[in-house]
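Here the chain labels run A, B, C and D in written order, and each chain numbers its own residues starting at 1.
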Amino acid sequence: MDVIDKLASIFKDFPGIGERQARRFVYFLMSRTPAYATNLSELVLELKKEVAQCHECFRFFIRKKAVTSSSELCEICADAGTDPATLLVVEKDSDLESVKKSRTYHGKYFILGGLVPIVEKTTKQRIRIEELKKKISREKKSGLEEIILAFSISPQGDHTDTYVREELESLVKSLGIKVSSLGKGLSTGTELEYSDNDTLRNALKNRQ
Amino acid sequence: MDVIDKLASIFKDFPGIGERQARRFVYFLMSRTPAYATNLSELVLELKKEVAQCHECFRFFIRKKAVTSSSELCEICADAGTDPATLLVVEKDSDLESVKKSRTYHGKYFILGGLVPIVEKTTKQRIRIEELKKKISREKKSGLEEIILAFSISPQGDHTDTYVREELESLVKSLGIKVSSLGKGLSTGTELEYSDNDTLRNALKNRQ
Amino acid sequence: MDVIDKLASIFKDFPGIGERQARRFVYFLMSRTPAYATNLSELVLELKKEVAQCHECFRFFIRKKAVTSSSELCEICADAGTDPATLLVVEKDSDLESVKKSRTYHGKYFILGGLVPIVEKTTKQRIRIEELKKKISREKKSGLEEIILAFSISPQGDHTDTYVREELESLVKSLGIKVSSLGKGLSTGTELEYSDNDTLRNALKNRQ
Amino acid sequence: MDVIDKLASIFKDFPGIGERQARRFVYFLMSRTPAYATNLSELVLELKKEVAQCHECFRFFIRKKAVTSSSELCEICADAGTDPATLLVVEKDSDLESVKKSRTYHGKYFILGGLVPIVEKTTKQRIRIEELKKKISREKKSGLEEIILAFSISPQGDHTDTYVREELESLVKSLGIKVSSLGKGLSTGTELEYSDNDTLRNALKNRQ
């Protein structure tokens, strides 16, 4: 394997990139100036140096330069203005970024780190269910009232919703915290005529 | 215009059919046997003869052979088992067929006959708002408790929802009938990461 | 099966139409005026009455009103201006219409009536190979010099090309008629980078 | 601009990547291990160090480790087995890789470095037309007999073909070298019915 193959095999890991496009990326880099490659190489190292994982929500974020490394809190968890009453549990970083960008939610977040496969033995090693329980216990003291489960509407998302609710059941009962899930129904652009049965059922059940 | 052009121009009216496919339909018919064409021609006439518009829900339906023509009621409106407590108001026949097929709703229907364009002067001539009011007054006596507005999630669908609610306001108030709309939120297959802001807002608002 | 099912099953035969769209066609017809249905029904019968199959090229065409039924010749075969030196052999009517519309060819046509499946025992019953041989013998007297095989570039199209060449071999040799096939190479919009190997090979071989 | 924005803006330059996917790439990198980032960073530098541009065909390639830096020849130009009789002129590196991979061509290559825009004053600064002329003069001594122009079938590709032919006209005449272009016609998967007029015209003209 020469350097072209090695780089192509890394780019193939990138989200949405196949073998062919991975190789085009390498040829693209070959045709750039040395300065371009150096810049990319250095930015990747800089990203690695500046990235930290928030020890509260498990989100990856860029450390503010001036801040000492001891405080590994992302800017949402560190923000005193964040509403402590709700905790939105999502699968992954890009879900959090998407909700944050929509400016429709102002509470806290927790990144579960994955969905629970429907047939799966070793679940606990893959998602942060124990970390979530500890987070809930801590947040209770800060005023947490409701946990909002926000997973994709798919068999695996539904399965994860059920799994997390069961795992949290006794804890939230003892703490008096509510658990909810994102509302299901018609989404923007949905035409009634082409809706699937589950969506119609949810839209009817959740009418208001 | 010869017969090919004339037929192509009719097929071009069919839902989802463009100029090119319309002509392919004609060439397809030309290559079929005479029996095939005769069969199609006769079925179209038969459809025309057997189709009726239900004078209760305004749906088009096929008359049962034995039934005298005086009773122009579709099988849903004629069915004593249909739940009289809810009336689902949809835009068009294919919306009704889709909900019916999903077996998620067991009440009555009303076909409005269109959506209300956002800039529109002559709305009343285009949708059956007066017929809807009369229908509601009649159905009240049969036990109607709730009107469910079921329009597509689009600017025009939302506008129609608002328009119909305003038009019905005093009537439903005086009759003590509730008006609801289909629930909005995440629909099947929606990924959180790619949801638009409106859908996220609705999914959060309608969490449960 | 009621009339809706029967009509839907006919529309499902139409090129490119599936079950769902076939039913939408029927609902569309149900919502049209009786005059619309009558018009469609009559045009289908008129098409059937006016359509004829050219006994020279086997194309379906619309008979000119004034012409007596004895002369079953399409307007291309009947046109004294059609170049008798070339005969373009195509699979089906829509191929002929497409070439005719392009105004790039001015000779005679022959519709083979299908392609030859790669594994097939009863080929002769399905394509007009015997009719083609008779046509060639007749056309020789009118000045035929070249037969152009014009099939799609696919395994079945290539197989048909080979099959027809073999079948015609001794006849065209004895008559001194040339057999050619449409040129292969890069087609409009082809980008070199995304070309398949066969196309590149043909483009290189047929460079000029 | 923080490091996330800076990296995203570099990834946005990558072929086929938009703003959204560029940011996903950055979030993807943030979630990888430090070793992953270091590996990527180092491979990009290694690529930059090992890449060279062939001074014969202008292709970018990876230098063989053992070779001294003085010999900047790619492995095709350095290969004594490469057929010296033909020179394939392509727009860009990925076109060359595609033809090479197809194993349908065994001669030499020349990368022009771009296409000639239809309205363009300063062409010579953008494509390597002078370098091509020098290359042809050199290759004549090695046995060059034919230059094959291999551009995409598009208005700009056709324009470049014409432009290069005009520029080379007197030179190739004096040297007795032939200029050809890739063959045009039906390409793999083309259906006759859906072919555009230019493709049909070329397929008829280039029949054989």
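What we mean here is this: a residue touches a chain if its C-beta (ideal position, glycine included) is under 8 Å from a C-beta of that chain, and two chains touch if they have at least 3 such contacts.
Model, not experiment: these values are computed from the prediction.
Chemist: Quick one: which chain's Cα centre is the longest way from subunit C's?
Modeler: Measuring from the centre of subunit C, the most distant chain centre belongs to A.
Chemist: Which of these pairs, B-C, C-D or A-D, matches A-B in more than half of the residue pairs in contact?
Modeler: C-D
Chemist: Compute the distance, rounded to whole Å, between the mean C-alpha positions of subunit B and subunit C.
Modeler: Centre separation, subunit B to subunit C: 41 Å.
Chemist: Per the centroid of Cα atoms for each chain, what is the distance between subunit A and subunit C, given in Å?
Modeler: 56
Chemist: Provide the list of subunit B residues touching at least two other chains, using ranges where the numbers run on.
Modeler: Answer for subunit B, listing residues that touch two or more other chains: 94.
Chemist: Based on the touch definition given at the start, go ahead and assign the chain network to line, ring, star, complete or other.
Modeler: Topology of touching chains reads as a ring, each chain with two neighbours.
Chemist: Touching subunit A in the complex: which residues of subunit B?
Modeler: Touching subunit A from subunit B are residues 90-92, 94-95, 98-99, 102-105, 148, 150-154, 180-208.
Chemist: In the complex of these two chains, what residues of subunit B are touching subunit C?
Modeler: By the definition above, subunit B touches subunit C via 2-4, 6-7, 10, 13-16, 21, 23-31, 34, 36-48, 50-51, 60, 62, 93-94, 97.
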